[in-house]
Amino acid sequence: MATTTATLHHVKNLDLADQGRKRIEWANQSMPVLQTIRKEFIKHQPLKGIRVAACLHVTTETANLMITLRDGGADVALCASNPLSTQDDVAASLARDFNIQTYAIKGEDNESYYSHILAAIDHKPHLTMDDGCDLVHLLHTKRQDALEGVIGGTEETTTGVIRLRAMAKDGVLRYPVVAVNDALTKHLFDNRYGTGQSTIDGVIRCTNVLLAGSKFVVAGYGWCGRGLAMRARGMGAEVIVTEVDPTKALEAVMDGFRVMTMIEAAKQGDVFVTVTGNKSVIRQEHFDVMKNGAIIANSGHFNVEIDIPALERTASSKRATRDFVDEYAMRDGRKIYLLGEGRLINLAAAEGHPASVMDMSFANQALSAEYMVKNHASLEKKVYSVPQELDKRVARLKLEAMSIGIDRLSPEQEEYLASWSEGT
Amino acid sequence: MATTTATLHHVKNLDLADQGRKRIEWANQSMPVLQTIRKEFIKHQPLKGIRVAACLHVTTETANLMITLRDGGADVALCASNPLSTQDDVAASLARDFNIQTYAIKGEDNESYYSHILAAIDHKPHLTMDDGCDLVHLLHTKRQDALEGVIGGTEETTTGVIRLRAMAKDGVLRYPVVAVNDALTKHLFDNRYGTGQSTIDGVIRCTNVLLAGSKFVVAGYGWCGRGLAMRARGMGAEVIVTEVDPTKALEAVMDGFRVMTMIEAAKQGDVFVTVTGNKSVIRQEHFDVMKNGAIIANSGHFNVEIDIPALERTASSKRATRDFVDEYAMRDGRKIYLLGEGRLINLAAAEGHPASVMDMSFANQALSAEYMVKNHASLEKKVYSVPQELDKRVARLKLEAMSIGIDRLSPEQEEYLASWSEGT
Amino acid sequence: MATTTATLHHVKNLDLADQGRKRIEWANQSMPVLQTIRKEFIKHQPLKGIRVAACLHVTTETANLMITLRDGGADVALCASNPLSTQDDVAASLARDFNIQTYAIKGEDNESYYSHILAAIDHKPHLTMDDGCDLVHLLHTKRQDALEGVIGGTEETTTGVIRLRAMAKDGVLRYPVVAVNDALTKHLFDNRYGTGQSTIDGVIRCTNVLLAGSKFVVAGYGWCGRGLAMRARGMGAEVIVTEVDPTKALEAVMDGFRVMTMIEAAKQGDVFVTVTGNKSVIRQEHFDVMKNGAIIANSGHFNVEIDIPALERTASSKRATRDFVDEYAMRDGRKIYLLGEGRLINLAAAEGHPASVMDMSFANQALSAEYMVKNHASLEKKVYSVPQELDKRVARLKLEAMSIGIDRLSPEQEEYLASWSEGT
Amino acid sequence: MATTTATLHHVKNLDLADQGRKRIEWANQSMPVLQTIRKEFIKHQPLKGIRVAACLHVTTETANLMITLRDGGADVALCASNPLSTQDDVAASLARDFNIQTYAIKGEDNESYYSHILAAIDHKPHLTMDDGCDLVHLLHTKRQDALEGVIGGTEETTTGVIRLRAMAKDGVLRYPVVAVNDALTKHLFDNRYGTGQSTIDGVIRCTNVLLAGSKFVVAGYGWCGRGLAMRARGMGAEVIVTEVDPTKALEAVMDGFRVMTMIEAAKQGDVFVTVTGNKSVIRQEHFDVMKNGAIIANSGHFNVEIDIPALERTASSKRATRDFVDEYAMRDGRKIYLLGEGRLINLAAAEGHPASVMDMSFANQALSAEYMVKNHASLEKKVYSVPQELDKRVARLKLEAMSIGIDRLSPEQEEYLASWSEGT
């Protein structure tokens, strides 16, 4: 599966590579759609000669995407899209075993984080592959020098797409980008089932709290939020949802969840998780009324959903208690526990989305990269959705891999659906 | 609430009007959004002088919509949109107590059904309000004479919208129509929570079968299908889903349902319900392999989802056993039970969607009617979605009626969501 | 299936017998275990010459039990165990078609109710078959004259067993009784899955309220209560549980339900259902704080769980709005809706437990009747559980009827389970 | 909280004690009932002068129980009840900081395991506290010399209770034992909610597989099994249950799970977890038909539920892939993954039951120890249940700690429940 030439890299410890490689192989087993695409990439070399700068969570699943791109002919540089989400053994193996430039160290400080993105930009990419728009942002601000060769990009996450659309609207986006997140086989699955399970996993690993019987507050009822709410209920929690959108709030109510403002939820909750894509969703006024022992985490893209500076100011002291658990002592004696420094808890304290769900997201990434190479000339400098036929193809491949058959429309049925003359 | 002048009508029995009136009042209690709109209509008379021909399921909820339109100044004629869905007591009360022309008798034959639609067309409507597009279809084929005065219409259901879009595509649609079904506060709620509960209700009323431990097959995983699957599971059934769309099929799998082809499901199922919007979803090849005692029903708009002619041909005999239950004896001794003659089971054997959910759908109808009167001059002859601000307003009014508060974005948060410069 | 000799009876209308008979046959299809027992009864005549007085809900399922007893050689008289639960068509058919003395009319007043029980006692039973202990109670108080010939009895329900145990404890019980309710295949299924589904059914038929998003209060978390709570959640309600037992309350919490006192729940609930076996669970202090539009029902055995006299006293007026819905207007303008006059809502407004679940309960009844005839001589005047081997047999027959195979212990496994020497 | 005298011990590394201590404190926060009991123990010293030999999973929760016993006056020696379940940092802290003799090292071989139990027996206990009966078994076979001073014991788990009852039946048990597992506040919670969550946690930590959409086979539908099945469904899996008891199998069916024999399930499952208390539940014939990639784990007490020797014999090779994951390559190319060497996966790969649920189990342990000291003279050499008043007290304390109020019976209600004269 691998080559052994060492590559440009900045990783924690190459000695971790053996373990990383085994784990990459483990993830590969749960990524049958990407496997199929990889076989085609090997055969047809659609990315031949393309330099890719990828800014993604450096996990076992991402590793399999990088390998797929490489096997499709690309020359790949990879940096982390979050300072806490890197799996150091995976980074080591990518650098040592797979000839992929890798710049990522778990727990890196902000300076290193940005220096790693800059290293990826130094790769002079034709294609950018981003998760949260940090690489694209840097490219459009401090490194416009490297913009010239870029033919297009892809973006993985909701937050990044929001930023890109804002850039396009302001007329500053300099090349077309495919919003992979828009693919149904991406956001309906990854955001819902992936975030759902892995966030629960992260919270439990950090705390080992019993969710059954707890009051679990989910801020945001988008795809991530409903995935999380569904799973928290599945673990026996009484789930409270907060929202700003009235329609989503109503859906949460009809799904049987309690809906209230955060200021009300703050008084009742045992565990809080933000998944809004917004900032300061939990803030001073909420810390002030929380119960002793309240646990707070974030599973949205950036660590701004919880106003941590406010928490720092309010607390009389702070100490680490368990891995990824910081105890903030309030002046009135209450203690509030912040998990994973407010960063994506499923990546900070667990392993991120399961490979099986990333299989679909990354199949869309790989196919979108190919699409961009083929079609960039005819695209404008804006944000595009994943073409529907790619999206459907991913779904079909996944069902086949699970040995699940579905019905097909008969010609008579297709005609019926297209007609308007048959009635009661 | 009512006037007492008798009106043009064709209903089963005016003596049922007292009971109908009480039931209309009962539904009204669960329709606070429509109540609010009605108060405004009374004040501002937005439909003053407008003749409306409405072809809808004649239920207590529809009655409240009709009264709201009337109170907004409209002159209303109502006919049934399905031969089995009329509540005769409601029809009687509308005719006797509310000055609304009503043409609807439960169990009417096809001829009466169409004669009732024609009677509504004879009302020379400015506005049509349709549920399934039968009225619009008749108007565009046999009654083009009445097309002239029509300024616009609204359509309630998915099936109707599909037909209208096909008409618009073929260039034959003669006036603009608002697809009420497209409103989030309509299809996300009515199709999911309304159809979910009322279909279960219809099946149980017909059969009194224990759903716990039964194998319950849901054909179609659209909004109606997922509402039904969710509720069938909630009653303890083992739910099997069939689909033609690979993405929806995958969602069903990830939601924990079994997904298979109908030919496989047919061998295993105890209860089958179609909610696809398509035809012949359960057909000869499926009847052939069903278990003895299999129960079949439809909750999609038209009674074509089950191929009843095929069932009739295959059976050696047929008899009614319970209300709305026909027993088909197969030649090999197996018995198959068809509920409600394959018509919308939630309306045929139960009372249709609960008032609380129709409250939102019909609030959209009332607001869309007002919108059409105001804006028809600037609209093209095609299908329009409900304007987003109307949709959101319905959601807000509903939450208020339930005394549920939600968060509001702070200016700082709104700015954050609109910007692209804040990153990691 | 039937004989045509007319029999002693007091039923509403013999003309309903045709419909009743069809419905009895329909239920029979879902009662495969009872069918198997009936075949054996026909062959072996275990109840030859035994007179049975049965006081049960007169439903299609009970009809099949009565027919089974008759086919086993018994001479049967049947009266209702609740004034509202009789299905008049079934009573008619039993009397006309099946040679079973039947005394039951839906809606009978208290006087008729007791006169019907007395009529059953006049049958001079050897065996009593009771549901709630009213027949046994009358026999031990006003009709001790008829006690002499009684060799034993069976009791169907929790409430009756509690009364019988109190009688045994006080030394007044005059013959042995098998507590059918104690059978696992009875109370684990009938109380949980039967009451769960049929109570939801009763509430929806009465009101057609949308349960999704409603606050549904379940008083009591015994087997009935947890069945109901599970189903109410399954319909999308936010479920609140009240309890007096701390262990059960904790289970409800861990199952993800909200638990609080009734006085708190009363302020929040939209729908309330009592299933406690206790009295005055909802009373004056609760009516005083309920929301306008609150709906109250009972699914426990007796109509004392809601303090209806207090409600009557408090209300300024009362009127019927829909079938089985009484509107009580409070002096402060609020309206409270009482369903089914506070009687078992699943029998008053729906059809009671589905046949499939009664199949097991009544299989236990039939086998317990046989057991009592065989073993009464060696039994004391107390309450006995259903012998475990009968109970297991019912479970095995039910699984077979559903074509479900389960594992069997190997000899090696049986030995392992019986030993204490194998450890870590 | 601690003393600093070093104690007799055999632990992995005393340097881990700091971390262990913090984690013990973390667990303490979720154990409010045990905290309350500890305060009373400190005051009343009910275990003054009592030597305790405890053979338990050495976790943070057990540490808090040990500290409570010590604070009640006991002199405690602790050894592991499973070779893989020890948390080395906790063992280190107990030995270094809390003056508790501790003999436990994670991953110890069978010889060390038994030598540690012998070391605990060398402590000459008055009381034994066992989890699985290994200590009691050794005491009754190889170390009868130490039996003399023992006044009684407690046993934590189902498996141990089965073994003890077998010993009592054979007349070999030499002192009374309280079956803590029989307490409702133990087995209803710990086995169900504790095992449910922590087993899911263990499986996910080992594998990071997506449970949504997977086929998850649960062998055994006892309290542990139903807890696990409930949670697996809650994570979106399609759950298949296997059973040997027909009544439990039927309950699983009615709860909406698929039930089948293991030989059928083996062909379909993606993940298998045994929780039966039996041996060889998954064996040769099942390995032979499993799908490629099948994952197998055990969450029952002993590692005999999966026939690992058969798996070893069948496989052509074996290798470790991830922590706690062994890959067995079958001769036909299939791979089967065994987690945690078939030992309790929730302790081997995760942290065992959450503190909040162990709070109740260990409150029962502490109160049962006190009870045994007070009452041993009047008890026979057999297995006793936890006295009901202790059990209820634990439930009340837990509810209070969660600020949950419940109703209390009024005198009128108590009288009603005790009477038999009020009827219809």
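By written order: A, B, C and D. Residues from 1 in each chain.
The rule is simple: a residue touches a chain if its C-beta (ideal position, glycine included) is under 8 Å from a C-beta of that chain, and two chains touch if they have at least 3 such contacts.
In this text the structure is predicted, and so the values were computed from the model without any measurement.
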Common touching chains of subunit B and subunit A: C, D
Pair with more cross-chain C-beta pairs in contact, given C-D and B-D: C-D
Whole-Å separation of chain centres (CA-atom averages), subunit B against subunit C: 37
Subunit B and subunit D: spacing of chain centres that average the CA atoms, whole Å: 53
Computed distance of Cα centres, subunit D from subunit C, in Å: 38
Shared interface positions of subunit B, touching two or more other chains: 193, 212-213, 233, 236, 250, 253-254, 402
Residues of subunit C that touch subunit D when the two form their complex: 81-83, 110, 113, 132-134, 137, 162-164, 166-167, 170, 184-185, 188-189, 192-193, 242-247, 249-251, 253-254, 259-262, 264, 277-280, 302-304, 391-392, 395-396, 398-399, 402, 404-410, 412-413, 416-424
Subunit D contact footprint on subunit A (complex, rising order): 22-23, 25-27, 29-30, 193-194, 196-197, 200-201, 204-205, 208-213, 230-231, 233-236, 293, 321-322, 325, 350-351, 354-357, 402
Sites on subunit B touched by subunit D in the complex: 212-213, 233, 236-238, 250, 253-258
